[in-house]
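Next come the structures, one after another.
After this come two complexes, each holding chain A, first together with chain B and then together with chain C.
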Partner chain A sequence: MAESNEITLTIDGHEVSVRKGTTLLQAAQEIGTSVPHYCYHPGMSSPAMCRLCLVEVEGAPKPMPSCVTQAQDGQVVHTESELALDMRRGVLEFYLVNHPLDCPICDQSGECKLQDYVHEEGREHGRSREPKRVFGRDDFGGDVLFYGDRCVMCTRCVRFMNEVEQDSRLTVVERGNRSIIDTFFEEGLEGTYWHGNIVDICPVGALVSKDFLHKARAWDLDHTDSVCPSCSQGCNVSLHTRDNLVQRIKPRENLAVNGWWMCDYGRMNYEWINAGHRLEAPLVRADGDTRAMGWKEALKALLERAPTAAAHGVKAVASPHASNEDLAAFQALVRDLGGEDVLYRLRVVENERPLKGFPNLARRRELAPNADGAELLGMTRVGDDDASGGLDEVADHDGLILVLGDDLDDQGEEFGRNAACYIHLGAHGGTAPANAHFLLPVTTFAEQEGTFTNRDGRVQRFWPSMETAGAARPPWFVLGVLLAERTGAPAARSAAESFAQLSSRVDAFAGLTYEGLGARGAVVNETVSLTGGG
Partner chain B sequence: MAISVKVMERPEPEETSYLRAALSGMALTFKHLINPVKVTQQYPEEQTDLHPRWRGTHRMEVHADGRPKCVACGLCPTVCPANCIRLVGGEDDQGNRYPIVYEIDEFRCIFCGMCQEVCPVEAIHVGRHFENAEYTRDRFVYDLDRLMEQEHPTTLLWDPSDPRSE
Partner chain C sequence: MAYPYVSDQEVRVLSTHFGDPSHRRVDTYVERGGYEALKKALEVGPQGVIDVVKDSGLRGRGGAGFPAGVKWSFMPKDSGKPHYLLCNADESEPGTFKDRELLRWDPHQLLEGCLIAAYAIGAEQVYIYCRGEFFETTQILAKALEDAYEKGYVGEDVMGSGTTIHVTVHVGAGAYICGEETGLMNSLEGKRGQPRVKPPFPAAVGAFGMPSTVNNVETLSAVPHIVKNGADWYRQWGTEKSPGTKLFCVSGHVERPGNYELPLGFPLMKLIEEVCGGMKDGRALKSVIPGGSSVPLLNAEECAACSLDYEGVQEAGSMLGCASVIVMDETTDIVKQVRRMVSFYAHESCGQCTPCREGTAWMTKILQRIEDGRGTEEDLDTLLSMSRQMTGTTICVLSDSAAAPVVSSIEKFRDEYLALIRRGERVGAA
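Take a look at the complex of A and B:
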């Protein structure tokens, strides 16, 4: 081997080549061997203080902590040897000396690393006869509760606040057996925007979320890969659902977007997905009388009425919360009906909330997941920064009005009163949507498959995690059927087909496919800047 | 053609009389009337002795202050093969985890006793009890209060002197 950065070592009998500077723990992960660890986290420094990742290195005088020991050329490492197992068994026994074993009432139970490791390689029975030290629980402020008895002192939380959020709110107080994580004075975590992550990275149940407290057991939750819909950053998340309700949102690793982290705003902004007041059947208003109909009947009536109304002009309003497929299908239908411009409104707040320790990650100012998708499709942003106004011309329009996704909360009873035909596709009703001649129920992002384009032009897929409400259908499906009825071309039967239609029609998305996007997403050809974003 | 006649011989009356059989039957009946060894149990005046490992309807153990012992850990709904336990956990005013909703559908229950076996705090038990008649079906969904009211003895899932059945 030449003077390269590559070194070759042997782990558990397997030869593995890694870059110089790789730690033994990372090298072991390369061959699929997971060495138990608490304090090591790929996103932070390793203090080698949990002593759980001890492995045997031939020639070394004692077991080495694999999270900080750098791999050497020709090294022979045993992660499962008698010595290594014995060392780790001893360390785990020490952890259990003061651990309260309150798994039945602990929220981490089922996803707890102490449970896992003790089950895998710990002692069957404890030998400690001394009374356990008791701390009780402490409110750390924000969304975090601290159960000191369960803590294993890995200090991941302290290091996250110091190194990643770079706002030192936590520290270790006291020494030895009495050492414990604490906040400074009464300040706690109040006023920090990323502290939910310390609950995620806590390997045991010491830090738990107040919001999730006692809500569900870890093994009852279904995990669905998704994209955070709360801002234009597009953090990769996992929706944890139970009984067809989102119980919590956890970040999903994607080094190109959000690393391992997500902000507290996105984490807590999920109740709207579970909201019960949903449209569940197409509502058709005719002669002052609103009637629930089947889809076939409603769309047939719509196709009879819309073209005549379109002769007086078409006004269209979309929402940056809709997926790329939905927006594209909407635009295609609007153009087919003779309309041109599609408007959208976007909520922009004053402050960005960056995570200092990770490049290009922040709770962005634009509080919608797909404003860039709308821009790429050539839609026009109107209205103020609180996503209100800008629709005066639409409200009084006497031709055809089409609305997708925007709940029009700021619009009064007069919206669409003069329209010859007003078609509203939404998940929820409202004052203005109640005027619609055709109020069509559509799914939320959590109930359908689709893609969002984040602020860096990265197109990312999300998957359905919940059952649809009533007869609600994905917008791309409804709009695709309507367009197919008018043009005779086949309608998309899946989100992938809808996306294929989009990528063949819009240059910016050219070359992208669902298979190509995968779970990590891909960046579109050109970068865009948001109008009015600034 | 001549008709041939077969003459059947009838048995003698002393062989066919029912009188003797009836009398011997009566004798047996009257013997049992005065027999000191009684087999019939006079249920419901006399209650049946249930086996110590009989598994019947559930009961929830309570603390001295009347709170249920259950900590809403979620193991019994997880282990239940009939999926008959509904549990919603929460936190009470003393900061303890407790079941806000705890319901067992005794109709769906197959009385396997795994809920009792899995319970880490010995709260839920199957009981030595079988008289469960009700007038409506919905009364068979026992809620937490009903489970706490039950007073029948609980099941011995295993012999304490021989826990491994050796």
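Take a look at the complex of A and C:
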């Protein structure tokens, strides 16, 4: 059976075996040949209308659109033959008849498929001497601005709204070269939750983000693989940074999680990463006097003070925004100091925002990336759905208080006032940590390596995209050093080592290796229970 | 009332009753032998109908000339799905006006043809897709359909046979591209009138995703005659490969333009000289477009040897298309004619495929510039290479159609282009 499903064809002299039903374009990708295309997108239907993916098939009467032509056994295909190149050169020239060539002021410049293809295969000089057609600009609502003149009419945006978001807000109006993408009356894209994706899939600069408009040139941006920190879905993203600031977030392909997409909420929720009011050096308060210290000095003082305070009991609060490694290191230290339970608070909103055309993808109700990691580690969720309250016992505690990552925005100046020792690890300053004896600066997820566990138990890595603020260090590093000082065991020197410690200690993570997670993540071992309910 | 222009050389099979309004009435139609073919079809069964139409060699009159019987036999048997017959009455090829006349004068002939064809392919529903501008025509057809329902020729129990065939008249909104069969289906379904990617072909996935066959008005109008009189009777006219009669829509510089039904294979010059009364005011012939605006032009020399059947016109260097003969005399400005045709295609391009969307509009601009005396010789090379890149590169053949007259006119009437270009050079406009 498996035999009959395989077919073998020759593309540009290379033999390739593919499953029946594979298109020529996909088959060419198998051997590393990318046939130019606009309208084809793996996540949507193929209208075969851009005519850019034309290839020569021996025996066929005319060039075939490779995006919809299914590979046949024994077929001989040429993607770079004189005929194929001539036809594609023609199509590219047709695009340039009306394209404004305003690359110097176009946001897409540098990541524009029209630029790329014309440079690769187009004519050296265009022959058109005619005046160009002018459409002008249109505000599509939401974050999207439409530059009609740049449009190559691939209709990816229309199909995304129809097929993937399944909220038909866009259409093609008019016909011939008067065709233009438009919204229905004044409705626009306002009130849709995934429309940012049409900016990503637009192969040219016709659809641009208002948020990103004229902010940076594409070639000045550094791209770092990451995981969206805005909800428990864990969409794979890429952080685009310049000048140590996140300029925009783009989705990164991962078919097991988010396909090619991400929601507008996650896309727009990045300014906090760039926030300026950062903690940049360990602050130690003693005898009514707070002063900045070096890490060594501060941690030494902490190790002297904390055990005494711990004798009166240990209360610990962590954040579901912290990585698995951070949470595990935190938990390990809490336990070593005689504490047990670690509390965390989580913001849960009323509505999920599913993307109808892609299975199991939504802006989830839980607005934190690692609540599942906290749960797998056995931490306890407290407080309300707006991530407030639940900390009354902690606030008045007179022993040792440890806080990781939670900014305690709802807590007043009273928080931790009675504590014998209050240790707060945070990235940003605030009012609540004012009583902290040790205020330790730590990095945000964008400045460190680590992993989050999404709602389906998928552990996914993220990478550092920005320089750390001042002397801030990753929590797993700071906490690991403290624990090592107490136990004599070696501290983790990398996120990988920290993850290894985690997976050897916590059953749920057993069997996972940091390297093995790769860029696509892996699902934690599901606990097999004979008695537990589903 | 006699039909405007007739000729004694005509063989009037489909057009017998042109000019006779009484023939639109169902009683008159039946009196004159109407719906007998339907009765006969119901007796011989679907396969019998397909066989006789196949044997007759009837070829599609919409332009492509594909054998109708063969097309019907592509329809799946026992698919378990509803089948549809779509009658293409979206006649919009510039120079064509035969379907309108068939609909106006003999609506029951078409309805009978539709019913027979629907019966042959197992369709219980027929859609007659009428061109949006056919106001009067559509009303005549609707009235005829109403009468046919009343008489039991259409509906739940066709002529007491137990067969159900419904017919619906659907009026388009006036787009040339909806005459392309898959564009027609999209339009019928309420979508944008854009041709679909083939495969899948309509016989597998057609209107509403179901097996469908699309036939031209003239093709279906010929069916009752073939079923009634047999394949051999039909083959007495025409040639071996192009049997039967065909309506020729003659327009342009002839004394008596009009619709003439002639056997296929009729000599082109004889059509002009004898049937149409010769060139207007005795002027000399310059060029003929034999099959509607989407086929290559013929020059006078090529016309001389051209016989009007599918093969004969192809030999002469063009295509029979839907047999819309546009005759142009020596006073014709070929560049202007071509520019007008191409601008029609630019206007009617659905805008899906890049070569067509951009190419037709660009061609129009270049041709307009040449016409205005601001062209250059390089423009002709550009037009030719564009034409090559617009031919065979798109979903449907609209862009091929736009390119055909450009290529043939530059090949055959290059001097006219050059004259315009040089005139411009003389006055320094280029």
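Please note the rule applied: the second predicted complex is superposed on the first by the 523 of 534 C-alpha atoms of A that agree within 3 Å, B and C clash if a C-alpha of one lies under 4 Å from a C-alpha of the other, contacts with A are read in each partner's own complex, and residues count from 1 in each chain.
By our rule, contacts are C-beta pairs under 8 Å (C-beta built on N, C-alpha and C of every residue); 3 or more make two chains touch, one makes a residue touch a chain.
Please read these numbers as outputs of a predicted model, since none were measured by experiment.
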* Does chain B (first) or chain C (second) touch A:Glu130, or do both, or does neither? -> second
* Asked: Thinking of the overlay built on chain A, is A:Arg217 touched by chain B (first), by chain C (second), by both, or by neither?
  -> first
* To do: Please work out whether A:Met49 is in contact with chain B alone, chain C alone, both, or neither, and reply first, second, both or neither.
  => second
* Mind working out whether A:Leu85 is in touch with chain B, chain C, both or neither, as first, second, both or neither? => neither
* Is A:Lys62 contacted by the first partner chain B, the second partner chain C, both or neither? -> second
* Asked: Between chain B and chain C, which makes contact with more of the residues in chain A?
  -> C
* Structure fact -> After superposition on chain A, the chain A residues reached by both chain B and chain C are none
* **Footprint of chain A on chain C - complex, ascending** => 175, 177, 192, 197, 346-355, 357-362, 365-366, 369, 378, 382, 385-386, 388-390, 392-395
* chain A-facing residues of chain B, complex -> 71-75, 78, 89-91, 95-97, 120-121
* Structure fact -> The residues of chain A that touch chain B in their complex are 103-105, 109, 137, 213-215, 217, 219-220
* **Of chain A, residues touching chain C in the complex** => 46-52, 54, 61-63, 65, 68, 86-87, 89-91, 93-95, 97-98, 127-131, 133, 152-153, 172, 174-179
